[in-house]
Each structure stands twice: as C-alpha cells, then as structure tokens.
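Below is one structure, written out as structure tokens; the observations come after it.
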Amino acid sequence: MSHASAAPRRYSYLGPAGTFTEAALRQVPEAEGQVWNPVDNLGEALNDVVTGASDAAMIAIENSIDGGVTVAQDALATIPGLRIIGEYLVPVRFVLVARPGTALSDVSVVAGHPVAYAQCRAWLDGAAPTHRHLVATSNVQAAADLFDPTKGVDAAIAPPGIEAHYDVEVLAEGIAENPDAVTRFVLVSRSVPVGDPTGADKTSLMVELPEDRPGALLDLLEQFAARGVNLTLLASRPIGDRMGRYRFVIDAEGHVKDERVADALLGVKRFSPKVSFLGSYPRADRVAATIRDLHDDDTFRDARDWLRGVIEGTRDGEA
Amino acid sequence: MSHASAAPRRYSYLGPAGTFTEAALRQVPEAEGQVWNPVDNLGEALNDVVTGASDAAMIAIENSIDGGVTVAQDALATIPGLRIIGEYLVPVRFVLVARPGTALSDVSVVAGHPVAYAQCRAWLDGAAPTHRHLVATSNVQAAADLFDPTKGVDAAIAPPGIEAHYDVEVLAEGIAENPDAVTRFVLVSRSVPVGDPTGADKTSLMVELPEDRPGALLDLLEQFAARGVNLTLLASRPIGDRMGRYRFVIDAEGHVKDERVADALLGVKRFSPKVSFLGSYPRADRVAATIRDLHDDDTFRDARDWLRGVIEGTRDGEA
Amino acid sequence: MSHASAAPRRYSYLGPAGTFTEAALRQVPEAEGQVWNPVDNLGEALNDVVTGASDAAMIAIENSIDGGVTVAQDALATIPGLRIIGEYLVPVRFVLVARPGTALSDVSVVAGHPVAYAQCRAWLDGAAPTHRHLVATSNVQAAADLFDPTKGVDAAIAPPGIEAHYDVEVLAEGIAENPDAVTRFVLVSRSVPVGDPTGADKTSLMVELPEDRPGALLDLLEQFAARGVNLTLLASRPIGDRMGRYRFVIDAEGHVKDERVADALLGVKRFSPKVSFLGSYPRADRVAATIRDLHDDDTFRDARDWLRGVIEGTRDGEA
Amino acid sequence: MSHASAAPRRYSYLGPAGTFTEAALRQVPEAEGQVWNPVDNLGEALNDVVTGASDAAMIAIENSIDGGVTVAQDALATIPGLRIIGEYLVPVRFVLVARPGTALSDVSVVAGHPVAYAQCRAWLDGAAPTHRHLVATSNVQAAADLFDPTKGVDAAIAPPGIEAHYDVEVLAEGIAENPDAVTRFVLVSRSVPVGDPTGADKTSLMVELPEDRPGALLDLLEQFAARGVNLTLLASRPIGDRMGRYRFVIDAEGHVKDERVADALLGVKRFSPKVSFLGSYPRADRVAATIRDLHDDDTFRDARDWLRGVIEGTRDGEA
C-alpha cells in the first residue's frame, strides 16, 4: 500500500525562519520535508492545532533563566484537546544588532521578544541605561522591526547568525546574562493515543487542589513520592478567579504506560477536583528515570497477581 | 430441597463446654446443629483445620486488658493456608471457685488459664499473696483440675456459671481487674475464596518490613492512610531470628473487595518482602467504616475510566 | 526630647502619581505626610532602599490573574538586606485611552505596562487584532507616552481616572479580563528587627532545596504541615544556573514570633542549603490563622517546661 | 579519698542466684561489691525501687523470641516515678533437669518460668506431649520446685549450670527453639537527673495517641522521622479501658540531650495527651546512631542562632 498521495504534515512555529523555535523544530525528524508554517504568536500556533490547520505546533514552555513561559502554561491548562508529544532544548544566545552605521550610544529604543529582553536586560541597563523596550513578536521579528520606520527602533535583540538574513551590524555579542541559558520547547498536537514508553520519558499534568483540605499540596506530592515518581517541574499558576487559588503545572519522570506513573495518576485523579493530562513523551535530555525494584512494572504486576490469588483463595496469602 | 446427605460441618474450639471460646462459637449461626469438637489448646485447634479434621476453629486473638494473644498471632503468621472468616466479642468475667468447704485462707495453688490469670492477678495478689499459679489449658479445665488429686490445686479461676457443671463453691465473684473486659475471637478456616463485603468489615494482615529502609513503618502506614483506610490494630511481634526484627499484625477497616482496601494491599504487597493476607470478614461490632468521597468505590472506578480514556486519546484529559 | 527636627521618611514607588502602586502606598498610614518618591522601575525602587536614599519602597509582588511578579520575586531572592514590612491589596481595573479624536479602528500601537497588558490582551486581541505592544514603565506612564511623538503610540492601557491627569478620551472601559482582579503589593525596607505579631500575619521566605534528596520538596512542606502552619503561596523560580533547579517563594500564615512558625523555620533552616527570611508582617486581608490547640504558643511552652523537668528528674515523666 | 562510711547500694533482681536476671546484673560494674537482693517477681522488684528499699531493680523487658515482657511494659507505663538507667543483653539457653533417676518418659508436670516455657514449648510438645506446665517464679526456682513435694513437679526448665546449685540431672540440653535467643534487661531506678550522652544511647517512652485524629500513629512516627531519629522498638499495649485503645512502647535511638531527640520529644509532647519519659541510657549493643548532618547538634544550634539574628534584624536573612 502506498502513501504517495498522503498530504504532507504541517507544523506551526513562532517565525520567521531563524528563531529559536525554528531551531527546536529542526530537532524533530518527522518534521523534515513537511510544511513549516511560521506564525506571529503562541495563540495563533495553538489555534492552528485546535482548528486542524496544522498537525502540531512548537512552542516555548520554559527558560532556564526566566522560568516558565506562563502564557504557554496557562494556554495548555485552559485550551481543551491538546497533547504534548515531544520536548526539545535549544541553547539561547543573543546579539544586539542595528542598522549599519548605528553606534551603541545612539540606541534609544530596543526591540526584543519579552523573554529575550528579560535575559539581556541587565546588560542593556548597563550599556544603554535610558533605553526603552518595544515588544517584538519573535527574536527574528525584532531585527525586522529595524526596517519598519513606523516603529522607531534603534537596535534589536536577535539570535546569532541574524546578519545572514538582514542587513544589520552586530553591536555586541553574548549580551544574555547567563551563557548556559537554554529554552525548553514542546511539540503540541491534538489529543491522540499516547505513544509507547522509551525508558526516558516525561509526563505533564495540570492539577487543581481540593479547596477544603489543609495540606492538600502535600497530599498531591505524596501521590508521586509513594510510587517513586520524581518531579522535574512543579510550578503554580493562578486559576484567576481570586487571589490565592492556584493550579499546579507538573512534569513527572516516566510515562503514563509505566505502572508506577499510571498508579500515581489514578491517585491524583481521585484526589483532585480537576486534573488535565497533557501527555507522555520522550525527554529531551534522554535521561532515564531511576526506578527502584519496588516501583518497577514487574512489581506492580506481581502484586496484582497476588491480590487476585488471595481473593480467589488459590494462594494462601504468603508472599 | 434436602441437604440430608451432606456431612455435618465440624468446629474445633478450646473446651470443654462452658469456656468463653464456646460462648464465641455460640454466636456463629452456621455452627448451630453442627459438630462441635472441644480441644485442649490452640495448636490442636489450628491443626484440626490444617489437616481437614475440622472445617473451622474458634480461637481467642486479643483481650482488652491483656493485649494480643501472642501465641495465636504467631501461629497465624507462620502456619500457611489459614483464613479468618469471622470475628466475635465475648465479655469476660471471672469467679474464684473451690471444692466445697475450702476457705479463701486455705488457697495455696490456683489453677487458671494464663490469660485469665493475668486479669485476676491483682486481686489474687491481694487476697492470697503467697499463692502459686498452675497453668490450666482452659478456664473450664481449671475448675476440673480441682478434682484431679495429682495436681494439688486449691482454687480455680473460672467463668460465671461453672457451678452448674462442677461441684464447686464460689469463693469470690468479679475478681478480674476490669469489669468491662472483653475478649475478641476469630473463626479460622482453610484458605477459601473471600466472601462479599457487608459494609462493616475488617481485613487482617501480617506484614514484614524491608530491612534496608529507615522509616519503613511510616511508609507502611502511609499505604493505608493515603487510601483513607483506618487501622483498628497494629501490633509488633518478633520474627524471632534476632533482637529488633519484627513483623506487624494489622487489622484494617474495610474489605479486600473494597477498592480502597485492595489498592492499599497492592501498595503493601509491592513494598513488603513478606505479607500474609489473613482474611476479610464482618466486624464483630458491626461499625461501618467512614469513607470519604475520594476513597469510595465509584471514585476508584471513575479514575480508571479516565486513565483509559486519556491513554486512548478519546478523552482530552480534562477532569 | 523633641522630634521636631526629625527628617521626614521617604517612600519610593512606581510613579507617577495615579498608578496602582501609589494607591497601595495611600493605604500606609505611616506614609501620610512623608516624602513620596516616584521612580521608573522596580530596580530603582529597591536600589533606593539598599542605598538608604529611601526608607521603604512599595512594589507589586503578585497579581490574581497573571501570577507572581517574577522580576520582583527574583529581586527579593537575590538582593541581600531587604525586609518586607507590610502587605496591601489594590483592585485592578483598566480603561483604554487615546488622544482626543482617535477611533478604536485607528489603534495600531498600544502602550501598556506588561502586567496590565497581560490582563487586557484578550480584549485587545479581539478589538484590535493587529495591534502591537509598546512596553510602558507604569500604567500612568502609558498614558503619558501618548504625548511623546517619538514613540508612535495610538492608545494606552491606564487606570480609571487617568483623564483627570491627561487630556485623553476613554475608548473603552473594563477591558481587563477579570473584573475581580487584584494586585498584591509589599512594602520593603532594609533589615530591621521584626515587629510584634498582630494575630493575622504572614511570613515570607525564599528556600532552596538540598540537591541530593528525592522528595525534598515534600520534606520542606512537611516542616510547615507538622506545625500546623498553612501556606498561602508556594511558587517556584529558576535559580538560573541550569534547567531544573528552582528556589521556592513561600508565604506562610503566622509570624516568626509565633512559636509554631519559629519552630517550622528552624526545621526549614536545618534542612535547606539556603533560606532567606523576607519578613513577618500583618496580612492585607486581616484574616487570622486558624490554630489548633496542639500548635498554639502555650502548648509549645508547656512542652519545653516538661522536657526540662524530665531531664532534671524533677518531673516523673508523666504528662 | 574514702567512701568507707557510705551506705552500700542495693539492687533487687529476680532470684535466686543463677537466674538470667542475675547474669544481667553481673554486667553492671557499679553493682559489684554492693548488696544484691533476690526477689520473687517483677512487682516486688519495682516496689523495692518505689519504696526506696532498693536503689535499682534489674528486670527483663523483651525476649527475641517471645517478644515484649508485657507485664513489665505495663508496669513501667503505670507506676510513676521510675527511670530506666541501663540496658543489658543476656543469651538465653535452657536445659531440662530432674531429680536423679528420673527418665524423660516419667515427666508429667514441668516447672518453668512462663517466658522460658514459651521458648521450650515446641521441644516439650514433642518430647513429652502430655506434660502440664506449673508456673515457676524464676528459672532457678523452677529447679528448686523439684524438691518441694507439695508441688508434684517432675522436671524443670533451668539455665545451664544449674546442676552446680541443685542435685539434679540434665535430661536434655538446648531445648529452646532458637539457639540465638537473647533477653533484654533494663536497670530501673527512681527518677533522677538524666546522665550524659555516650554517643550510643537509647531513649524509652510510653505514648498515648489523641483519640480524635485519624492517622495519629502516622503523625507520631513522623515526629521521629522528621528529625532523623530511628526507632528500635514500637509495640502497642492495651490501655485497658476498652477494646481498641492502645498506648505505644517506644525505644528511640539517641539521648534526650541530643538536640534531634529533644526536638522530637517536644513534638511528641505537644501532640500526645499522655507521654511518659522512661529514660535515656547507653545501649547494650553500643551501636552508635547514624546521624546525618542535617540532624546533628551543630545544625540545631546554627538554626537557632540564625533565627535569633533574623528576628533581631542583625542578619539579613541569608543562610
């Protein structure tokens, strides 16, 4: 049977070409040779997925310096029908660029994507203390904004290599605060059957806590700890209805088809008034979870066999 | 419909007629009209069950004053193939009896079952400070021992009403320390399929702890607490191989066919190097367990349905 | 001795007059009649405190919609010598304003403080889908930017009442997503002796977790739970040295001079490689903590008395 | 310097000479050359201490096979004013002895201390299936009972070496079930100031649980676990007022003058409606507790210093 006539797959990402998001998408083997659709912002990217205009969207979810991309976390928490299917890491470096002939001392308005700006702000506060910040929709668009006279931009925060795409000069390199900064991206599709474990997986959830229980967060964390499931991320986001109410963004080591993770999720589901499963997918860093014997799949299956035998009376109850 | 040809069921109990154990057996409706086999000690009673000589044995397992009947706990922990199928409570009161004509001041040797003796000891230490204790095999046998001249017994600790069976005089009544004392009995059979929950059940286990984990008992207890399963008994017994190694005797509220109890048992089984299931059976006091919503059977089933939908991608992961 | 010649106290806040931060400062009775110093950004405000230029600074720390003001959280975590001395809540409402004669359809560039912009973005995406965002340093400055021709601003997100200060027309009211939105502010001074408890207090901490312990966050939370201390905020912020390392921003109910809080802090301090105490201060909402008997001050003192007696042998060890 | 005129110290123990209890007392260097007072039972030994007739009493508290000596545990829980000041281990071996000329087949009545009898019962059930048990007040008294014609004793369970004191023949050696059996003894005095830690200490408590809290035992154990204090013994004993109410017998590693143990005891005291401190004393096995850095004395002191500085404002709150 031939797939010759199959429509190509379509990927939305924060464009244009040259962004870190594009660099993340380049890490996806299945995306090679397919249609890449640059968009202007997160909402557009996720909307493409929801409407079926695209098969998947690559979005930034966390930065090692600036923390969670809260607008992306909130979108995943509130838009139904989405599923994370992959995770990718991209090192983050920045240069300050300007139109040829501009001196650093001339810089008054700096275009930059807000996440990039946060990481370069310390340097900018030193080098251009009176600068103002104009929000750009992407790191590449910041450079493009230099050539839109209506914007009045003097300099732009952009990725290294930007001078290959635009007629700009580099005023300064390495302007981000931390040379080891990295941004974590996730590839998001509509809800699909969960893939198989690779042995180095991650599972993402959004969980609300019951309101009437002191120590509810402790109880939530114990659902994971009791099954030997480590968390790589725990962040709180306001639910938004009033001050002091939060949902928790959780990344757990392991795959929902791992017995210990499934059991932990059952515990979380029984406990939480609202839990969203966002996906189980291979970890970007390929680090396998450390699993003690008492939490491996065989131990879970043995326990179920034992319980069945005990109830049927065919086992005498001895371990 | 006729059961005429069915062999009668046979029950072993600590005899002779008149013991508290017999009083416990009288509480078993199914035992009425069947064969009751009085035996001399716990070992004989359980051996009857193991060999099939009897269908079940009634044994004392705990006293509200003296604590666990450790020899019975140890027997249940070490003899394979046994199952607790019922629980019964018998109020415990004692009289001191003697051959007619004996005065309290004449009493030098007192026959008594060790558990009875422990409860009456304070009174005896006051009334007959120099008495010696001769171990009797049952509370009724203690009275019988008065008429065995080779034993040199002067008085016996016996249940009220004993004078109906033996030619004895009551020297003193109410000699046990606590007027509200009660003994808990269990009916033991060979391993059989577990019966159905009644809504007021108890589940008995023997559990050994992993050796290499500090806080292992805490982890064990959390297996129950995390599922809202209360314990009515937690006792430690030496495993016997060396000082400081214990197994734990556990009675938990609920039935192994209750979802929360089954889930707790799976957790215990995964964690423990050796766990023995001793039975799920109706509680003697008929007190129903208090179950919060998040631990009831429906919540467990809903969580499993949710997880299945999430894995298949037919649910969008929202609660 | 006369205070007549005492220098007035000086308060820095995000200006100019009319900002929500100014509204928060108006809630501070001690600030009345003192010097109020409007500044352009958080860094300037905190710097005034560090250098002694101001006695205190009012800063926004959390919004009920947008979450923690991460730059403020990170500043408090990394700048030594600061102390929170008060907490204030300000309801947050926004209007969209423009120079007289501007129609909504003319709006291309919108000035707004980033937190305000986040709350009004949904409305703007609907009403002006192609708008661009220019970052303003405050909600009032956004309106002022309308009159700076170098900025090319068409409309501004501003607080209600702004038309009293600037020659603007209101294009739309109530443009924030949630009508109940509120922003939480804290008043920050240099380190000073902690004040006395009021019975409705809050204690703020920044805590790093030990790296070598799975379940470390669980252990941290148990330090509070074991003393009956509820948390009103738990947020994670990247430490910044590498992906996956977080510090935790914690607000706990109660005052460091409450015994249970002091004991919890001792536990946290023993456990954490780095903990910063940011202050104990009256809660803005004046809600008193619910304290069970076993966590009140008397219980703590009684236990210490008992332990002393036990060690000295003057108490027999009975409770 | 001379102590010539000091009154000798007086030690009560379960006599007569030759018992395991005497062997335990021989391990006490301070008891050498003092007055040793053999008594008939536990009650008498403890009464000597309470009345001041003796300075201390040596009592058996646990056996590696038979478990806790419950009557001793209950006595320590209910008699006020006692303090454990030392712990000793004695290996337990037994021989069966009789008057010269007696054959094993002649044995009908066997004298034995109940704890000894429990350990030899399996052997006796095999070698003399129809034997009866006469309770002896000590292992040595069992041999003496052979020569009291009023008792009708045929054989006695006694310690090896008994033939040096009585004219008996050994019918069988090594009749106890476990060749590694050991009994743990404690030396008990009136309440005295607690001694200093040796680095390998144990602390004994009796603790009742609050009635109104599910999971109360878990909370109790967490008081120890949270401070890194391991338990070497946890046993439950009925309080005696009704079925299902227990107090807990606890031996914890460490000394009440160790910071982590003191802090755990404060936690227990705040939580429990009734806690009895029974003493901190050197462990018989001289095994030092394993203490992690976060639970050592310096860590506790550092935390207190930090908290004081934080409250006074002389430390900026940084760790």
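Every chain is named by a letter (A, B, C and D) in the order it is written, and numbering of its residues begins at 1.
Definition applied: a contact is a pair of C-beta atoms (placed from the backbone, for glycine too) under 8 Å apart; a residue touches a chain by one contact, two chains touch by 3 or more.
Just so it is clear, the model here is predicted, and its values are computed rather than measured.
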Averaging C-alpha coordinates per chain, one finds the centres of subunit B and subunit C separated by a number of Å equal to 60
Separation of mean Cα positions, subunit C and subunit A [Å, integer]: 27
Centroid of subunit C to centroid of subunit D, CA atoms only: how many Å? 57
Junction residues of subunit A, two or more chains touched: 222
What topology does the chain touch graph have (line, ring, star, complete, other)? ring
State which pairs of chains touch, listing all of them. A-B, A-C, B-D, C-D
Residues of subunit B that touch subunit A when the two form their complex: 80-83, 191-194, 210, 219, 222-223, 226, 256-257, 262, 265-267, 269-278, 294-295, 299-300, 302-304, 306-307, 310-319
Residue positions on subunit B within touch of subunit D in the complex are 43, 62-67, 70-71, 89, 108-109, 114, 118, 125, 132-135, 150-152, 177-178, 180, 182, 184, 214-215, 217-218, 221-222, 225, 230-238, 240-244, 246
